[in-house]
Amino acid sequence: MLLAMDGFGFSTEITVRFAETDAQGIAHNASYLVWYEVARIEYLARFRGGYKTIQDEGYEALTIESHVRYLRPVFFDDRVTVNARVVDLRGARFRFEYLLARGDETVADGWTQHAFVDRETLRPTRSPEWLTAAIAAVEKDG
Amino acid sequence: MLLAMDGFGFSTEITVRFAETDAQGIAHNASYLVWYEVARIEYLARFRGGYKTIQDEGYEALTIESHVRYLRPVFFDDRVTVNARVVDLRGARFRFEYLLARGDETVADGWTQHAFVDRETLRPTRSPEWLTAAIAAVEKDG
Amino acid sequence: MLLAMDGFGFSTEITVRFAETDAQGIAHNASYLVWYEVARIEYLARFRGGYKTIQDEGYEALTIESHVRYLRPVFFDDRVTVNARVVDLRGARFRFEYLLARGDETVADGWTQHAFVDRETLRPTRSPEWLTAAIAAVEKDG
Amino acid sequence: MLLAMDGFGFSTEITVRFAETDAQGIAHNASYLVWYEVARIEYLARFRGGYKTIQDEGYEALTIESHVRYLRPVFFDDRVTVNARVVDLRGARFRFEYLLARGDETVADGWTQHAFVDRETLRPTRSPEWLTAAIAAVEKDG
């Protein structure tokens, strides 16, 4: 595991793919939402089989809001550390915060807001108890 | 409807999106498979509600093979005509052929091979009769 | 031209591509940033050749911040009207606001913040005068 | 390094991203071309700084043809080993072959054809000598 930034207990690393760049020669702005997602999946993978288990138990987590600040351009083949943490998990909703760094330089930050829904009906539902507990345990010092 | 190239009874037009370019300053090679798909969906939309109807009747069409020849680079904001036709629809399988043109210049061509499957089991199944008939009618001079 | 929503003088329409959906059966959250971009390009296309002219004159417009609220899921083949307007164009920066609708139902909204940079140096630079004037003219009632 | 399949001296591993799936619940057919590319970049990274060095020396490698056989559906979070090798590197052209496996099950295969071009003019040019030599050395038993 990489050493996460201050205030973040989790991080993962992505390498910017050529397909993720655009004709400005930098990573396209939509790519960051995909990297956020990669970090969320790996964040959750630490708990009981992760997102697949969440789905198997009849839930989906919808993304209901997203925000990115692109602080410095990121280039093909750059290695970017995606720090992620959950804040405000209660009821059906939770929020992830992100900080993206290249070496010790912050290149982007932002957050996403999510809602648990019933997989069949897509109606809001409380998050699985075990997940709330597991996240509370790892984020208690957040 | 655009005038399709010789041998093609159908065409649609896409405009190259900025997100579809890469740091070489040209459209990324994977974008062409997305444009193929856009053309397939619009091709099928002429028949009984198109792909959504096919799904509603319990089918999916999987892509089982793809091929692209990239003959000339394509750039941001280029308008590209995607000519498409079905060849060899029989049993569970069918093939689309494509010719992509910018003005009167051919920029790419290729084909995809598909298989009808049962939507639940993902097992191969014969194509819907009405679709076979409809495609045979429009492609009879192919 | 489509009739834009109240407060928006411009809109364009996209059809959700199959490639833009994900295994939740709905459009992926990153797709919205691509649709924003399609709308920006078409918005600017009304002025002097649009973004290509801006590039030819030595500028790029970087995306420095993005925000999306996903209000209702959007599905394959849905037609979505993307309303867009520029607010706060001054100096090197400008902001686009968006409202996405399916029929008369709002499905998403948000904004992006941009900075004009010199194409060679990627350093901030004032926006082209002609563009500031042209946008001011169309957005004066905004 | 992973153990590559018989006949392949190189492999890398990708995990299927949620963004790479579509509403059929499987990885989208265009994603495979992105995975091919990830494998090419890592394949080349073993030689003198890889693709970035190739670019720095004034070359680009264009993709001029692609082919994929989708043998079995691939799902969200599946780990896929992408085996890659270069065959037929001579003059300005070279070909990559790929075999994608999930565990010991082959899920896809195919190839891409490439041409070296001068980065400024985009005109065909012989591949860098050092790269031809380096690839010949690793692929000699191919």
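Going in written order, the chains are labelled A, B, C and D, and every chain counts its residues from 1.
One rule holds for everything that comes next: a residue touches a chain if its C-beta (ideal position, glycine included) is under 8 Å from a C-beta of that chain, and two chains touch if they have at least 3 such contacts.
Keep in mind it's a predicted model, so treat the numbers as computed, not measured.
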Report task. Find the chain most remote from chain B, comparing centres computed as mean CA coordinates. Result -> A
**Report entry** Comparison of B-D and A-B by number of C-beta pairs in contact, larger one
**Finding:** B-D
Query - Centroid spacing, where centroids are CA-atom means, of chain A and chain D in whole angstrom - result: 28
Report summary line: Rounded to the nearest Å, the gap between Cα centres of chain A and chain B is 34
Query raised in the report: Distance-wise, how many Å sit between the C-alpha centres of chain B and chain D, to the nearest whole number?
Result: 25
Query raised in the report: What are the residues of chain B that contact at least two other chains?
Result: 18-19, 30, 33-34, 37, 76
Query raised in the report: In their complex, what parts of chain B are in touch with chain A?
Result: 18-19, 21-23, 25-26, 28, 30, 75-76
Query raised in the report: In the complex of these two chains, what residues of chain A are touching chain C?
Result: 24, 29-31, 33-34, 37, 60, 62-71, 73, 112, 122
Report task. Would you tell me which residues of chain B are touching chain C in their complex? Result -> 17-19, 33-34, 37-38, 41, 50-52, 76-77
